[in-house]
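Right after this note come the structures.
Below are two complexes that have subunit A in common, paired first with subunit B and then with subunit C.
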Partner chain A sequence: MSLNESSLPLPGRDLRLPFGLAVVVLACCAPLLLGNYALHAVIISLIFLLPAHGLNLLVGYTGLLSLAQAAFFGVGAYVSALMAVHWGTPFYVNLFGAGLVAGVLALPLGIPALRLRSTSFVMCTLGFVIIGQAVAKNWISLTRGDMGLSAIPKPYFALGPASFAVSGTVGFYYLVLAIAALATFVVWLIVTSPAGRNMVAIRENETLAESVGVPTWRYKLVVFMISATFAGFGGSVYAHYLTVVSPLTFQMSNSTLMLIIVLGGGPGTISGVVFGSLLFVGLSEALRIAPELRMVAYGFCLLALVFWFPKGFAPLITRFWTMLRGRS
Partner chain B sequence: MLFQISEQIVNGIVTGAVYALVAVGMTMIFGVLRAINFAHGEYYMVGTFGAWVAIEYFDLPYPVAIVAGVIATAFVALVIGQFVMRRMVGAPAEAGVLATLGIALILQNSVILLFGGGYKFFEGGYIEPVTILGVSLAEQRLLIIAVAVLVFFGLELLVTYSRMGKAMRAVSQNVECCAVVGIDVRKVVVRTFVLGAALAGLSGVLTAPVNVSVYGGMGELITFKTLPIIIMGGLGNVRGTFFAAMILGIAESLVATYVGLQFRDTVGFATLMLVLMWRPHGLFSAQARY
Partner chain C sequence: MTGLPILDITGLSKSYGAIRAVDGVDLQVHRGEICGLIGPNGSGKSTFFDCTSGLARPNAGSVKLDGQDITGWSLNRIAREGRMLRSFQKTVTFGALDIEENLVIAGQMFTFPSVASTFGFGARSRARVDGLRQRARELIRLSGLWDVRTQPAGNLSGGQQKLIQFASMLMPEPKLILLDEPMAGINPKLIERVVEAIRYANEQLGVSFLVIEHNIDVITSICQRVAVLDQGRKLAEGTPAEIMRNQAVREAYLGG
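Showing the complex of A and B:
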């Protein structure tokens, strides 16, 4: 009997389904549990989850460290804002427009950038953010420069004659939750597909991947475009939530925040990035109780993360999933 | 017309000298640590504030303030080097990015907490103009150029001949082999880090009289100015960094005059991208090292 126990792992209960259900219930009930301010923080986390998912495909799965997310995030925000202000198009049109423009723009930017290796690639992507901000500041006829675009309408939907607008924090929360859940599902589909395996192969050993027939160049370019599309979606939602867009959307700290979410949360895991976005954006909002010390404390948190969890929370999360599955 | 251009070029050389002093530290640190130091501009800021405190609170003369600023920076860098950078030896690149971003946040916001976020007037320096070959410029600017040339000359000697310089080059080539032959890699890393940060601090102190105003957020801009320089110069390449900084300084000054001031801050990255299209490993390195 004892031999049996030690040699065969006990078929414990698979707790993944109940856990998933609990998360869904918790997510749906969040407006009842959280105050208005906490809900706002969750909304911002979920918005930043979109570019972070894109970045995770790039950093976590394909192994390309990029800082360009804020550039595409800003492009998405501006496209969405301009469409809403000038054409008055409904929200979902703006959302797809923003994703499309960001994704297509990533093609001419990605072709030269992806020829570069490691550090040069990072710097080149950082350049996209800096130049994006300069364009937003100086193309005044379109972007109104430093004044930015304001009075962007809250998202509204128009299907035939019926139309309704999403207003209020709670309504927006459910909208963002739906978009974020959909995005997470899409990322899961990508990652678990054969394409996802090829991406990991590129991350682990690009030359080897190439030699066994993975079209590495095309993969890197397509993943770069997909990640830009996700950033564009995020920017669109951000613009509609804040109702103002300024050149500050293109700031470096947005890129670094997205990078912190992915690297801290656990590159190469989906749940890690979801956890990371809630943790790091939430942390930044929670630290507002000590406004003076806020950024200093945030810096110390980053150092603590690097020292104690050098691989982010990914190993912890993997262990957590194994535990839930009932096998130790 | 010609006169104006030559004046702009001289201004560019001054800016280039400032960038060169910051960038050379960054590129040396990259050489031994393989980490992009996103906090490097903050040491420039710490140096400036060290000198500002010396002048404002202790009424010290400017030359003493220069020393005070550099020592303050070196001290801060030593603490950070001992507690953070030592552990970055052999760590993945991502860890370096997160750690230096964290340090940048801590340094920048600690200074803002201590001294307030507003602009401060920097009193001191030699701002009397002198005229050389028809171009008049402040003595301080001449001092910056002279110091930059001296520092680079010294660094060249240090890296080529001294024991520490040889150890630095060895560490930048192969960390494991250095450990095998008995080089204390961590000590070399911390020393290089302190030296690089102190040079950034020196650059900050020297530039303060030209910039006139100092503020807590000034380091970030410098970080983003020097990042393209170290890539263009070829990572870890001291001489290349000097020339890349000069090219960028002159280009910035010409763009600011003839294209528009608002485009000045994008010159660096725009130039970088053009250079990378043509030579992906930088302008001055024969082949990519990293």
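Showing the complex of A and C:
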């Protein structure tokens, strides 16, 4: 026994619980506090949080930079739209269908892609987005090409004889909030588990991880699939929210936006990605007041970020949590 | 030293193009032994290690660990199922993580067989993680790294990282450890500590060792037996004293 084994005395109070409660209250009251347009921006943020969570597992925890998220996002959106339009299945069935198809599709794509090293892997994942868009544009009998699929019903739930539809921005907000909260919880479960620890080991040093018994290849493949599943969920919710999908769902800028959320918010942290999605998607939506300057202004904001916060907001967020825990 | 050797390598060969890096080497490590492996630069020691530990696939020959044929197994499988671990010449740790986390990662795969426990559900798997933490703390204290335990491993000195790496390899209760130049690039004071750590693991925990090392003093003080590689072949084998007297070994080292 050594003397300094006992933990250090805490100089402050643990404020995590009150902070968590404040966030919950704020999230629940948001429709009362925000205008319709701001609420719309928050909904889009929460939708993008899903693929961003998936990407964070891949980039932030396992150390694999991927641009393929938009491809799986698009696949999820189309699967959901097609199921809803052709079969009239309820929302939650479409949601799981979208996640499942995206996740399963990631397996044959991941097997060759993950054999590539760093830069080649990034290029390969970029290719998936371009292929996805080409398929959506040209497989006209299924996707109606550039016209896209429209009149996707608003989410409705059918449990036995009872069914109700979620309509209106406020209703949709609560639906997305519930899904985003659930997804965040699932990510938390993954990253705090022994498997999550192994993912971080792969990020830190793949060969060393391998040498202490981590089957790195299997891990990378499974994380790639989980990440795609999250993107598929996001795409599904997106399709049901906008009620239309077009080949633009597969656009490259969706992938970059997801990457900005993760890298800017704080790769390898959950709260950073939540913060990042609210900030970067919110910013992108807020800048619509000046449509001509929107992308220019957005670019300048990113430049400022790179100069002032080269590691994203992760260090700030870590300090914030330490402060809340009451340690100096 | 009765029964099967813990590691039995026969006719191991590996070529890169026209270069035969390792050319039909036989080597045995007996249970409880510390066996040294020396040789001039480029003699094939590291390739030999890579083929034995599963990092590279040998072209020919077989590797038996504790009587089981493990030729062609992957590095992670040999570590997980064979409990044979290896270190790397260039010291590596999971740099962003603290020492305890480094050790827990090294220890955990060996005790998580199912999906449920992989994700840490249930009291049993949580108890396992707690057990690993306890063992990690014990090893951290033994390695004399207690004071720096909360720092990211990447911030520590090369020697300290060597000790972390060594402690990591003890986490899963290994049968055999392959050490690739454990003394390279660390200061003389730490050499003493690494030697102590090897002796402790060998005597108290019953771990066998195969050690590549250039520091002859260390080799002669810890090894019971030494094998010499030169140009991919085994040149000699014997006690440290015999090897020191061997004319062929002297010539290989002096380039004669």
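Rule of thumb we're sticking to: the second predicted complex is superposed on the first by the 317 of 328 C-alpha atoms of A that agree within 3 Å, B and C clash if a C-alpha of one lies under 4 Å from a C-alpha of the other, contacts with A are read in each partner's own complex, and residues count from 1 in each chain.
The rule we apply is simple: a contact is a pair of C-beta atoms (placed from the backbone, for glycine too) under 8 Å apart; a residue touches a chain by one contact, two chains touch by 3 or more.
Everything numeric in this text was worked out from a predicted model, so none of it was measured.
Student: Figure out whether A:264 sits in contact with subunit B (first) or subunit C (second), or with both, or with neither.
Tutor: So A:264 only meets subunit B here.
Student: Would you sort A:118 into first (subunit B), second (subunit C), both or neither based on which partner it touches?
Tutor: After superposing on A, A:118 lies in contact with subunit B but is clear of subunit C.
Student: Mind working out whether A:65 is in touch with subunit B, subunit C, both or neither, as first, second, both or neither?
Tutor: first
Student: Between subunit B and subunit C, pick out the one touching the greater number of residues of subunit A.
Tutor: Greater contact footprint in residues on subunit A: B.
Student: Between subunit B (first) and subunit C (second), which, if any, makes contact with A:140: first, second, both or neither?
Tutor: After superposition on chain A, A:140 lies in contact with neither partner.
Student: So, does A:28 touch the first partner subunit B, the second partner subunit C, both, or neither?
Tutor: Neither: A:28 stays clear of subunit B and subunit C.
Student: Name the contact category of A:107: first (subunit B only), second (subunit C only), both, or neither.
Tutor: The answer is neither, since A:107 touches no partner chain.
Student: Of the two partner chains, subunit B (first) and subunit C (second), which one does A:210 touch, if any: first, second, both, or neither?
Tutor: A:210 sits against subunit C, while subunit B stays out of touch.
Student: Using the superposition on chain A described above, determine whether A:310 touches subunit B (first), subunit C (second), both, or neither.
Tutor: So A:310 only meets subunit B here.
Student: Please name which positions on subunit C make contact with subunit A in the complex.
Tutor: On the subunit C side, the touching residues are 53, 55, 74-77, 79-80, 85-86, 88, 92-97, 101, 104-106, 108-110, 112, 117-120, 125, 129, 141, 146-147, 168-169, 171-172.
Student: For the complex, give me every residue of subunit A touching subunit B.
Tutor: So the residues of subunit A in touch with subunit B come to 59, 65, 112, 115-120, 122-124, 126-127, 130-131, 134, 137-138, 252, 256, 259-260, 263-264, 267, 292-296, 298-303, 305-307, 310.
Student: For the complex, give me every residue of subunit B touching subunit A.
Tutor: Subunit B residues touching subunit A: 30, 36, 38, 84, 87, 91-95, 97-99, 101-106, 108-110, 113, 220, 224, 227-228, 231, 235, 260, 262-263, 265-266, 268-270, 272-273, 276-277, 280-282, 288, 290.
Student: Would you mind writing out the residues of subunit A in touch with subunit C in their complex?
Tutor: Within the complex, subunit A contacts subunit C at residues 2, 4, 189-190, 192-195, 197-198, 200-201, 204-205, 207-216.
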